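Below you'll find a set of structures to go through.
Shared between the two complexes below is chain A, which pairs with chain B and chain C, respectively.
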Partner chain A sequence: MKRLKDAVDRVDLNRFRFWLQLAMFALLVYGGYLAVDLGSRLPMFSCGFNEEGRAGVCYLLPLQHQLSRPWPQLFGIAGVSVLTGFGVFFLWFIVLNKGWCGYVCPLGTIQDWITALRRRLGARYSRYTQGQFRQLSRIKYLLLALMVLIPLGIGGGWFSRDMGTPFCLICPGRMILPMFTGDFSQFTIDFSSKTALVMTALGMGITGLFLAGAFVKKRFFCFFCPMSALHYLISKPALLKLKKDGDKCTRCGDCYTVCDMEIKEIADDIKTRDIMMDDCILCLKCVAACPEPGALKANFASVTFFESTEAGFIKRSQKGIGLEQPEH
Partner chain B sequence: MNSPNTKTAIPYNRSRQAREAETMLDHITDDFDDNPAAMDYFYDLFRRAYCQGESLEREGVRVGTTCIHAPEELIYAMGATPVRLCNGSYHYDQIGADFMPAKSCSLVKATLGMLSSENVIPKVGKLDLIVNPTTCDQKKKASAMMVGMGHKVYNLELPPAKESEQARLYWQRSVREFVQQLRQITGKKLTRKNLMAAMARTSRAQAAFRTLHNFRRKAPSLVLGKDVFLVTNAYFFDDIERWTEAVEKLNAELAQRDQDGFCAAQKKAPRILFTGSPPIFPNLKLPLLIEESGGVVVADETCSANRMLYDMTAVDEWLVNDMVDSLANKYLKPCTCPIFTNSDDRLRRLVELAKSFAVDGVVYQAFSGCQVYEMEQKSVAETLNKAGIAMLYIETDYSPDDMGQLTTRIEAFLESLKTRKRNRT
Partner chain C sequence: MSRIAHRFVPALLALLATGLALAQGEGGEPLAGVRGGPVSAGDYAGRRPSEGARPEASWQKRAAEGTKPEEAIRDGGGTGMRSGGVLWLADTPPMRGEASRGRRGGGMGGMSMGGEHGGPPMKRLWLRAGADPQKAPFAHQEADASVETLLVHPLGKPEGEPLPSPAEGHTGLAFAMPAQGFYRVYVTTRKLEGDTLNVSVAKTEVGNFGHGGDEEEQKRAITAPRVLENAAIEIVRERQDKEGPFSQISSGMDQSFIVLQKGLPAANARVRLVSHAGWVKEMTSDEQGRVSFQIIRDYFPPWDEFQKRFKANYLVIAEVAADESGNHNDQPYTRVRYQATLAGNYSPSPNDYRSYAWGLGVGLLAVLFSGVAVYLYRRRRLKPFQEVRFDEKA
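Our next item is the complex of A and B:
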């Protein structure tokens, strides 16, 4: 048992993550061909517009659909289906918490691939300043609010039906993910109405921004993701947890250095035990980059399955430098 | 008192300066039984460097550093060799008194004294550059004096606080500028390859240090603190690869000792955490006194040992830019030096070390005139007191005059720790 634990703590996390993400990507983007269907309440961007290949559908699509029903229906019997839908989504979510973002979300994986491409080209990434970060960090809540309010407004008769599923219209996943199964039909601007024109053009622009942004900034889109905001709001009872023991932390900032989401609290906050912040994607890179035994831990249902260790840190960093660990 | 500056015809190894080192080294080796065999490398190294004045000159560009904040990986990467100039010799302390006010830190005075001398011990050769991180006031002001002695000095600008994002970015820029300075001096470019090779060497040395550090958790102790201070002191000037191999050998021997159930000190010897001003050879008088009086130094929080080697660099992307920024990060963020505005990290580190090394008491050394350590004394004492850990505060300098008085105080402190322990059980 101890040997298994040591082996896990010494894992080459980046490599493990790469393969797991690849497998998850293949499953979610092509699983449909093998008749895999995980339902339409999935807590990440397994895009519903990828109609042939998808192995399940991102919950945001049905959620916006449901919310845009006429109010008498929505606040009547149809309300039950909204609640049960949310219930199923919630059950999926609590298993992995934000691990869905760091390990499963195909759109997240694509950003990591773009990052890998940039790294190969030897270009450096950019970072936000703290001020920018604080401002940008709020956008995802705004998008979440709009994503709920606009469909409700449609149901109430205030907005045009062309605004239906407003977030999907501007989500880069709608254009990019179907592309992987040869479907480029989403790359169009809909001229049928003024609203449709504006929304699809906006979507096109955001997709361009997504590709360019991910090239200069790690996990560029995740800062703005309303799914991420929704996750955080309901993350309390989740099973997968990121824990920090502030007493063991030297505040060396190694975790912050490797954090794709530039979360400063991971290094500086020594009081909060549940250290998962709203931008976190639970990629666990911070745990792998922490040299202090037990300072950072990943728990599943209160059982620690991966924690920072000195031996793990040394093994990983020396592998990074290209130095094999000498035997002691 | 003889003028320490006299240039007489006597050979170095018979000078007062050599005798100061020799006396200390004799105490370290002869006053204890069962020194680890692997320590012979270090005893021999110090005997050659300090007692016989043997040359340790390196090929190529030589860069002196006056503080742990100068990133050695960058210096190595550009093909230069760093040598830490912080000095522990009373002989040089007296010479350095000419430069600094009477009430100033022995370490700074000794470093200046050494740099002003013609025959520098340890003999590291002519320095092409001295990197002087702008840490405490005394080191800052020492910069101009070093220039006055004819040295080329580069002031590496360190922020006065380390928590804020501004400080981090400011320091990253300082370090990048330092790279430019090194480039001018060495005529070499920092590349991914040479920086990775340099980081690999330092990383291996740090891994060896951490293994040694972890062996000191064992109770009863496998190794004495006076030996570990000597080991980390050697890192100041020794060839890094040879040093690492010697430490790895020592670790292997300690692993064997661990298996054999060997005790380097008495089972009931009070376990001491050493903090404050750094013990630097030949000024190991305080750790030595503790261990001669029956205590054992099991851990330290000083910039001549733990603080210098413990914290390791994490890099996300192995590209030059990211590597340099990550290095900068390591040299600033975890540092527990009292020059920073906030002492929280130091307090937390001390409590954590005291707990994880099952320490019975803390000895806090402050060199008279080192204001920052003197000023932090009170808060450290209070914090440790709250955590139920006894602390002895000692203000001293390089002079051997207070040895008698110190012995009495240390013996009393160790005795009180033993009593405390007995009463508890």
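Our next item is the complex of A and C:
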């Protein structure tokens, strides 16, 4: 058992993550061709607009559909289906917590691939200042609130039905993920009404920003993702946890350096034990980069399955894979 | 990064506003023609629909105009209804007022959710007479015709159950839809005229699905049998590839139908499809009873009144004559004329209102704009090399 644990602690995390992400991407984007159907309550962007290949549907799509029902229905018997839908989503979510973002989400995987391309081309990446970081971190909560309120407003007759699923209309996943199965039909502007025109144009504009932004900034879109905000709000009972032992931390900053989401607390905060922050994608690169034994740990149902060790750190450093140094 | 965002987001919004203004200015009227493949919204610029637009050479604008005397019988004379014309089941009452204004889709025609007492949704249908999907009036039963109405419930008997006829003075049929699936209604009318028995079967298929419903149940409903074995004649619409419970036919699509008699294919049946605007196309069924039509585009409102969820009605009429003899109400006949109708809906094609050129243009501009902005921002922050010399003598 100890040998197995040592092997896991010394794992080449980046390589493991690359192959797992690739497998998950293939499953979720092409699994539909093999009749795989994981339902429509998945806690990441397996896009429902990828009608041919999807192996499941992102929960945000049915959620917005359900919330846009006329109020007498929504607050009547149909409200039960909203609750049951959320229950299924929650059951999926608690297994991996925000690991869904770091290991499974196809849109996150695409951003990691664009980052790898940028690295190969030798372009340097951008970082936010702490002030910018704090401001940007709020946007996802704003989008989450709008994503709930606008469909409710549609159900109440305040907004046009053309706004339908407002977040999906502006989500780059709607355009990019179907593209992988040869469906380019979402790369259009809808001229049928002013609302549709503005929303689809906004969607295409954001898709352009996504592609350019992901090239210069790691996990660019994840800062604005309302699914990430929803995850964090319900993350308390999740089984997968990121733990920190502040007594063992020397605040060397390696964890912050490798963090794609630039979460400074991972290095600075030595008091909080549950160190997963709202922007965290639980990629566990911080654990792999930490040289202090036991300072950072990944637990599943209170059982530690991966923790920082000196041997693991040295092995990964010697391989020279993935532990990016800051570029100044 | 946010400084960059502050600079190019207003510019992007200005670009979108320009696009909106252009769309308003240029896309005033939709294109009149149909042929020539997908048409993008940008193609509408500066064109007006021509009054004499002909969707396809072989289509005839006949249904909405006066019926020729020799076609009076063929178009439903002797169907047992006083209003005359073919009998069909519609989920909308006859249109009043301006003909070009159809009903907005997205809702469920003739459907009241929750029923009268908060129960299952109720569906209301009207029996109409005449081949004009928009203006055909209500049909009224004649005394010497026999009428039989059947409802085939998705979870009920495959041979259906009798549906109560509408009360005197009412023209609508109403039924509850407690389960998910397709409900089929058949109104069979028999009337003797001389030595000919006219048998008319008006059929419609109504789907009842909810977005939050059981997906397995929905899949079963899509693949469930849809044929009434003992129907004298009926038309079955063939499902499109990958058709789901919420799929809709749109103009430009090919749609095939099968004509069946007692569950068996009826070859050489004369089949007509009447579009919402009254264009008619006639074909003959093949050995499998199959006939295929392209649903034409005949929705040309002023662009500011265009509704992408507009539900246009189509009507399919199939006719077969047979030398059969027998007795109807103790009266002998030597010939039977069968007529089946099936009504359905279709929507405008997405190609009518979606533009790839604009979509890719906006996306590309966003990429270029943000790419250039990042490049300039980085260049501005580069500090030129400055050699520092120390004066050792100082």
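Heads up, the rule we're going with is that the second predicted complex is superposed on the first by the 320 of 328 C-alpha atoms of A that agree within 3 Å, B and C clash if a C-alpha of one lies under 4 Å from a C-alpha of the other, contacts with A are read in each partner's own complex, and residues count from 1 in each chain.
Please note the rule applied: contacts are C-beta pairs under 8 Å (C-beta built on N, C-alpha and C of every residue); 3 or more make two chains touch, one makes a residue touch a chain.
Because the structure is predicted, anything quoted here is derived from the model rather than measured.
Asker: Would you mind checking whether chain B and chain C clash or fit side by side on chain A after the superposition?
Answerer: fit
Asker: Could you say whether A:119 touches chain B, chain C, both of them, or neither, answering first, second, both or neither?
Answerer: Touch status of A:119: first partner only.
Asker: Residues of chain A touched by chain B versus by chain C: which partner has the larger set?
Answerer: C
Asker: Is A:167 contacted by the first partner chain B, the second partner chain C, both or neither?
Answerer: neither
Asker: Is A:217 in contact with chain B, with chain C, with both, or with neither (first, second, both, neither)?
Answerer: Only chain C is touched by A:217; chain B is not.
Asker: Calculate the angle at chain A, using C-alpha centres, between the directions toward chain B and chain C; round to the nearest 10 degrees.
Answerer: In the superposed arrangement it comes to 170 degrees.
Asker: Based on the superposed arrangement, let me know which partner A:318 touches: chain B (first), chain C (second), both, or neither?
Answerer: A:318 sits against chain B, while chain C stays out of touch.
Asker: Looking at A:89 after the superposition, I want to know if it touches chain B, chain C, both of them or none. Which is it: first, second, both, neither?
Answerer: neither
Asker: Based on the superposed arrangement, let me know which partner A:306 touches: chain B (first), chain C (second), both, or neither?
Answerer: A:306: touches no partner chain.
Asker: Quick one: classify A:128 as touching chain B (first), chain C (second), both or neither.
Answerer: second
Asker: After superposing the two complexes on chain A, what is the shortest C-alpha distance between chain B and chain C, in Å?
Answerer: 9
Asker: State the interface residues of chain B toward chain A in the complex, per the touch definition above.
Answerer: 163, 165, 168, 196, 199-200, 203-204, 207, 210-211, 214, 248, 251-252, 255, 311-319, 321-322, 325-326, 329-330, 333-334, 345, 348-349, 351-352
Asker: Within the complex, which stretch of chain C touches chain A?
Answerer: Where chain C meets chain A, its residues are 1-2, 12, 15-16, 19-20, 23, 27, 41, 106, 113-114, 210-212, 215, 242, 306-308, 350, 353-356, 358-360, 362-367, 369-371, 374.
Asker: Show which residues of chain A lie in contact with chain B when the two form their complex.
Answerer: 119, 122, 124-125, 129-130, 247-255, 257-258, 264, 267-268, 270, 285, 289-291, 310, 313-314, 317-318, 320-323, 325-326, 328
Asker: Give the list of chain A residues in touch with chain C in this complex.
Answerer: Its residues touching chain C are 37, 39-40, 51, 62, 65-66, 72-73, 78, 81-82, 85, 126, 128, 132, 135-136, 161, 175, 184-185, 187-194, 196-198, 200-202, 204-209, 211-213, 215-217.
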